[in-house]
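Shared between the two complexes below is chain A, which has chain B as its partner in the first and chain C in the second.
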Partner chain A sequence: MSFDLHRPNTMAEAIGLAARLGPAARYIAGGTDLVVQINRGRATPQHVIDISHLADLRHDIVQTADGFSLGALTRYRNIERHPAFQDALKLLPEAASVVGGVQVRNIASIGGNIINASPAADFVPALLALDAELDIQGAAGRRSESLRDFILGPGKTGLQAGEILAAVRFKPLPAHSATAFLKEGRRKAMEISVVCVAASLTLDASGKTCLAARIAVGAVAPKAYRAAAAEAALAGLPADTASFRLAGQLAAEQAAPISDVRASAEHRHHLVSVLVQRALETCRQRIAGA
Partner chain B sequence: MSRRLLELTINGETHQLLAEPHWTLLHVLRNQIGMMGTKENCLEAECGVCTVLLDGRAVNSCLLLAGQAEGHQITTIEGLGTPENLDPLQQAFIECGAVQCGYCIPGMILTAKSFLDENPGHVPSRQEIREAVAGTLCRCTGYGKIVDAISVSAERRLAKQHKEPAA
Partner chain C sequence: MNAEAFRATGRVAGKRLPRMDGIGKVIGKHVYAADFTLPGMLYGRVLRSNKPHARIVKIDTSRAKAMPGVRTVITAADIPAVRYGQAVRDAPVFALDRVLFYGHAIAAVAATTLEIAEQALAAIDVELEDLPAVYDPEEALTNAILVHPDWQDFKVLPILVRDGNMTARTRMITGDADAAFANAYRVYEHRFKTALQHPGYTEPRASVADWDANGNVTVWTNTQLPFDTQTTLSEILDLPVSRVRVIVPGIGGGFGGKLRIGVEHYAALLARNTARPVRVLSTSEEELIAATPRQSAVVHLKTAVDRDGKLLGRQGRIIVDCGAFAGSGPAMASVSLQVLAGPYRNGTLALEGIAVYTNKVPAGSFRAPAGPMANFAVESQMDIIAEDLGIDPLELRLRNIVHEGDKGPSGEELKSVSVEECLRKAAAAIGWHDRKPAPGRGKGIACSWWMTTGGSSGVYVKIDPDGTATLVSGAVEIGTAALTGASQVLAEALSLDLDDIKVAGVDTQTSPYDYGAQGSRTAFSVGNACLAAAADLRQQLFELAAKQWNITTDGMELRDKQVIAGNKTIAIAELARLSRLSGGGLIAHGTANSPGPAFDPGRVENHMLPAWNTPSFHAQAADLSVDSETGAVSINRYVVAQDVGFAINPTYIEGQIEGGVSQGIGQALSEEIVYQNGRVMNANLTDYKMPTAMDVPEIECILVQSASAAGPFGAKGVGEPPCIHPPAALANAIAAATGARMHSLPMTAEKIVKELRSARE
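The block that comes next holds the complex of A and B.
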C-alpha cells in the first residue's frame, strides 16, 4: 500500500486534481470505508485526494424553505443529536445511530457512505424514504439527481469521473406524518444489517386512513429499493394491522436476498415483511402521539 | 512515494516528522513518536482500542491518515492525566475496579470522555453509556464495572459543576 496524499483547498482544486490524475486517484473524506478497502487490497489508488477540509464542501445541516440540506461531509453523530430530527424525521437519528461505533460516527461522512454504495448501508434507506435528492459538483458545474436513480448496484453509482457529491436534500413531510427506521442484525451494535427498513407514513386528519407511504428496504437486494407496490396499495387503506401486514408482504415480494454468514435468504424474506409492518405501526403510533 | 513533512499537535505539543502519505495516525503515534498508550488491534474500526480525540471527539486512529490530522488538536491517553494528577475518569476506573488486562482501557476512557463532554450537564443512563461505548470492546468482558466507572465519573462531574458554577 502506497499512495500520494493531496490536500486541496476548494472543490474546484480537488476536481482539477482528479481530472489531471485520472482513474488512479480517489477522494477521501472520513476514510472509514476507503482506508479499510486499501488495507485489504480492494482499492489500490496511487493518489488520494483529501476532501475532508475543503472550504466550500459543507459539513452542516441547514433548514431551508424547501426542507433540509445536509452537506456531504455531515457526520452521523451530528445527525443523531440534531434537535430538528427528533420528531417527524426520527428515522434519521435512528439510522445514523446504528452506523458503526461512536468513533466511526464522529468522522464518517454521509456522502462517503452514499458513494460507497453498499447494499447494506443503513443511512441510504432512510434517505430513500425521504425521496432525497443529491447535489453533485463537477468540472462543468452543479447537477442534481435523485438518490433512487444514483445508486446503481453494489459499489456502483452514477458519479462521473472527478465529480464530488456536495449535499443531500429532502423536502419537509406533510402534516400528520411520521417516520421510523428499524434494523435487524445478529447483535445489537457494531453490526452489518441483515435487513433494514425505513418508512414514512402520512395519515388523514382523523388518523384513521393512510394517505401516502414511502417504504425503503436495505440489505436484501443488490441495492436498497423502494417498495413501490406496498406504497401504492397503502394509499386509501385504513391505518390498521391488516393494511400494514399487506404492505409488509408486498414489500417482501420485491426482495431478492442472498444467504450468507449473517442470515438465510428465507429468514431475510420473512424479516422484510415483519419489519415493514412494524415500521408502519411505529409511524402510526408516532402520529397519534404527536 | 516520497515522505513529506508533517506537523501534528498532540496533547498540546507540536510534533514535526517526515511521514509516508499512507501512514495512519495510529502508526505515527506508536512507531514514529513512540507513544504506546494508544493500542493497535483490529485496524478496521471494529474494536476501538486505537481511539484518540480529534478536536475533542473520539475517533479510530487506525483509519485516519496522519496527513488528515494536520490542523487538528489530537489528544491521546498520555495527554489526559499524570500518575500524580489523574483525570477524574481515570480515578473512577481505578476506584470501581474497571481495569482487568488493561488493553482496551485507554480507548475506553477516551471514548467515555468524548461522550461525557458532549453533554456536560447530563448524567447519562446505563443504557446510554453502553450505547456510547459500543464501539470499544473489552474482551475481558468487564463491562459492568466500566459502566459503573463512567457513571460515577458523570455524577461527580455534575456535583462539581453545582458546587463551582461556571464563572
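The block that comes next holds the complex of A and C.
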C-alpha cells in the first residue's frame, strides 16, 4: 500500500490533476471511507488527491432564499450542531449524529459519504427525503443532478472522470411539516445500519390529513430508495396509525434486502415496516408539538 | 514475625488512591509492547490459511524469498517439529501436512518494511486440497472426520481421558442423581448455546525478538504469563530456559487472551534466521481468525426439584468447543462443572464436561473462562423453574444457596460464604419488589461463585537510602491496577505511603517467579508475597536498630516510616543507609502460595481443578427495556454485589467490575465470531460488535467484604467474576420484560423478535 499524495490548491487544479492521472487517482477529503478501503485492500490508488483544503471547495452550511446549501466538505459534527436543523429538519442531525463516532464525525465529509455510495450510508436517506440536488464541478464547468439519480448502486455514482461534488442543496419544507430519521443496528453507536429510514411528512392545517410524505429507506437494497408506493398512498389519508402502518408495509414491499452477518433479509424487511411507521408517527408528533 | 501479623489500618490499604501507572497511560508516555522498536528492526508477517481444512499439496516460497527487501521466509519444513500446548501438546508452530482451520499459520516472512512483508505473503505459492471438515462440536463427538488423526501420539497430562475428537472428559458426581430424579416433583431439561467471543484487548498481540552474540534470545512482548512464554519458547527453539529472556514493556489489556504464546515464536524464529531484531504485530483480522477467543459451548442441563423448589439434583453435560487445538479446553471442561453446580445445595450431582476438537479457531481462556457459559445455563434455568413453580426467582435462589460451612461440589468445606448477602443487596438495589414495572420492562438476577486461582508468587523488595521501596515482581500489570493494590499492601505493612513504592517491570532474567496475571490472582498473591517480604524487612530493620541502640528487638514497632522502641526512634531511611555500610543494603525475598482446600476425590473424575481456592460469591441484577417490535434491548440499570473479601482499592475494584460487566454485556447481546462453512464472516471491528459506551449503562457496584483467611488483609480475587453473570442476568430480565426466554448467545434483537413471534404463534 503506497501512493503519491497530491495537494492542489483549487478545484480547477484538482480536476486537472485527476484528468491527467486517470483512474489510478482518487480524491480524498475526510478519508474515513477511503482509508479503510485502502487498508483492507479494496482500493489501491496510486495517486491520492487531497481536496480537504481547496480554497474554493466549501465546508460551510449556507441558508439561501431557496433553502440550504451544504458545502461538500461539511463535517457531520457541524450538521449535528447546526441551530437551523434542530426543528423541522431534525432528520439531518439525527442522521449525522449516528455516523461512526465523534472522532469520525469531526473529520468525515458529507460529500465523501455520498460519493462512497454505500447502500447503508446513514446521511443519504436523510438527503433523499429532502429531494436533495447536487452541484458537481467538472473540467467543463458546473452541473446539477438530483441525489436520487446520482447514486447508481453500491459504490457507483454518476460522477464523471475528474468531477468533484461541490455542494448539496435542498429546498425548505412546506408549512406543517416535520422530519425524522431512525436507525437500527446491533449496538447503539459506531454502527452500520441494518436498516435506516428517513421521513418528511406534511399535514394539512388541521394536522389530521397527510398532504405529502417523502420516505427514504437505506441498507435494504443496492441503493437507498424512496418508498414511492407508500408516499403515493399516504397523500390524502388521515394522519393516523393505520395509515402509517400501511405506509410501512408498502415501503417494506419495495425492499430487496440481503441476508448477511449483520441481519437476515427477513429481519430487515420487518424493520423497514416498523421504522417507517415510527418515523411517520414521530413526524406527526413533531408537527403537533411545533 | 510472620505475614499474618500485619493488620490493615486503612492508612494505605483500603483507600481510593490513584493508580501508579495512571498518569503515564493518560498522557501517552507509557510504552506498550506495540510501541516497542529496536534499531535495524525487520517486520514479520504470518501467512494464514484461507481454507478451514485442507491437505497442503505444495508450499513454494522461492518467489517471496527472491523479492528485494525480504530477509527470510520460514515454514514448518525449516524448524523442528515441536508440538506445544498445556494439557495436550498438539499445536505445531506452522501447519504440518494439513491446515486445520481458517487462519492456521502456514509460513512467516521478515522484510525491511511491513509493505514488503505483506507483498511477500502474497508471493508464497500454496496449493491446498480441500478436506471434509467438522465445525459443530456435537457432531464432532460422533463424526468420522478426525481433526487430529494422530491424536494418540500427542503428549498429554495423565489425568485426561480422550477419544478421537474428544480431547478431555471430566465428571462431578455427588450422591445418587438417578434416584433423586426418579423421585422428583418436577424435572426441567434445557439446552443452551454460547458463541465465540474475542477478549477484546485494545492492543493486538505484539512481540519484538532479538538474538545476542552468545545465542541468547530476548523477546519483548505483551504476554500475561512471561514465565510460561519463556518455557514454551525454550521448547520451540530447543534452548535451555535460561537462554530465553522475556520482557514485558507494557500490555494494553489481556483478559486471558494473552496467556499463551501468540506471536512471540514467530518473532524469535524470524529473528534467528535473519540475525536482526524482528517485530510481529497482529492485525485485527488475525485477532479475529487466529487469536484465542472464549470457547463456545453447548450445555444440556437437567434439574430435579421438590414441590417447594428445593433442588434434588442436577444432571448435565457441557461441551466446550476447543477449535483445532485443545488449548485450555480440557481445563475449562473441568472448571465449568463447578459453575454448573453453582453456589447451591444441589442434593445430588451428575455433571460431565467434554472438550472437543473442531476445524475452527483454537480457543482459550478469556476472563472467567467457562464461567459465563455455564452460568448462563444454570441461572437461566433457575428462573424457568421459578416461573413454572410460581416462586419468585430471588426466593428460589435463597431457598437453595450454600451457607457457611457447607460442602462444595467436590466435598470441600466452604468458608466466608456470602452469596445470600450478595443476592439480597443486589435485589434491594435494583428494586426487586417491582420486578415488572411496565410493559416491555423487566428485571433479572443471577448469582455465582468463582475461584481465586492459586500458583506461587515471589517478590523482591528493596529499600533505598531515602526510605522508599522498590517492588520487583514477575507479575505483569495488565491494566487492572493489581500491582497498585499489591503496592498498597506493601506500603501499609512497611508504614510507607504509596508514593514511596516503585514497581519494576517484568524481566524473566531478573524478576522472581510469578504464576502470572491470570485467574483473579495478581493483587491477592503478589500482595501476600509483599506481606512476607515486609515481615522479613521489618525484622531486618529491627535488628539494625537493635544493634544501633544496643538493645534487643523486643517490643519494637514499625510506624510512621520509623522503627520505634520506647522513646527511641530511627527512620527507615537511616537504617537503609546503615545497612549499606555493612549489610549490602536492605532487600527481602517474599513468597506466597495458595494450595487448594482438601476435597473428596470420590466426587470427581479426571478433573483438572477439583477444588477451588478462596472462592468468592456474587450476584448481579439488571433492569432493562425491550422494544417489542425491533427487539432492541436498552439496559436501564445494572447492579453488581460482589464479595471482594477486603477492598484494597475500591476505585479499581469498581473499575474491574465495570469492565467485566461491559464484556459480559457484549457476550450477552452483541459479540460473536461468526462462522459460515468454516470461514469467519466478520473478521473486522466493523462487524465484530463489542459494546460501546452507549450500550453500557452506569454499573452500580456494591462491594461486599466477607474476609478470606488466605488473602492479604482478607482480600479475595476480583477480576474475573464480573463477566460471569451478565448473560444470565440479562436473559432473565428479557424474560421478565417480554416473556421470551432466550437459549442462545448473543441475544441479538433479531433473535428476540423471532422468539417473541414464535411465542405469539
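Everything below uses one rule, namely that the second predicted complex is superposed on the first by the 290 of 290 C-alpha atoms of A that agree within 3 Å, B and C clash if a C-alpha of one lies under 4 Å from a C-alpha of the other, contacts with A are read in each partner's own complex, and residues count from 1 in each chain.
Here, a contact is a pair of C-beta atoms (placed from the backbone, for glycine too) under 8 Å apart; a residue touches a chain by one contact, two chains touch by 3 or more.
Since we're looking at a predicted model, the values are computed, not measured.
Participant: Classify the contacts of A:Ala263 with the two partner chains as first (chain B alone), second (chain C alone), both, or neither.
Facilitator: In the superposition, A:Ala263 touches chain C alone.
Participant: Quick check for you: in the superposed arrangement, does A:Ser2 touch first (chain B), second (chain C), both or neither?
Facilitator: both
Participant: One more residue to check, A:Ile192. First (chain B), second (chain C), both or neither?
Facilitator: Touch status of A:Ile192: second partner only.
Participant: Based on the superposed arrangement, let me know which partner A:Glu184 touches: chain B (first), chain C (second), both, or neither?
Facilitator: In the superposition, A:Glu184 contacts chain C only.
Participant: Under the stated touch criterion, which partner chain does A:Val102 make contact with: chain B (first), chain C (second), both, or neither?
Facilitator: After superposition on chain A, A:Val102 lies in contact with chain B alone.
Participant: Which chain, chain B or chain C, is in touch with more residues of chain A?
Facilitator: Counting residues of chain A touched by each partner, the higher count goes to B.
Participant: In the superposed arrangement, does A:Gly31 touch chain B (first), chain C (second), both or neither?
Facilitator: first
Participant: Which residues form the common part of the chain A surface touched by chain B and by chain C?
Facilitator: In chain A, positions 1-2, 101, 188-190 sit in both the chain B and chain C interfaces.
Participant: Where on chain A is chain C touching in the complex?
Facilitator: Against chain C, chain A makes touches at 1-2, 40, 101, 184, 186-192, 260-264, 267, 270-271, 274-275.
Participant: Spell out the part of chain B that touches chain A in their complex, as residue ranges.
Facilitator: The contact residues of chain B facing chain A are 1, 20-22, 24, 43-46, 48, 51, 54, 57-60, 63-65, 67-68, 70-71, 111, 114-115, 118, 131-136.
Participant: Show me the residue ranges of chain A that touch chain B in the complex, using the header's touch definition.
Facilitator: Spelled out, the residues of chain A in touch with chain B are 1-5, 7, 28, 31-32, 35-36, 38-39, 48, 50, 52-53, 77, 81, 97, 100-104, 106-107, 188-190.
Participant: State the interface residues of chain C toward chain A in the complex, per the touch definition above.
Facilitator: 115, 118, 629-630, 632, 634, 669-670, 674, 681-682, 684, 686-687, 689, 691-695, 748-750, 753-754
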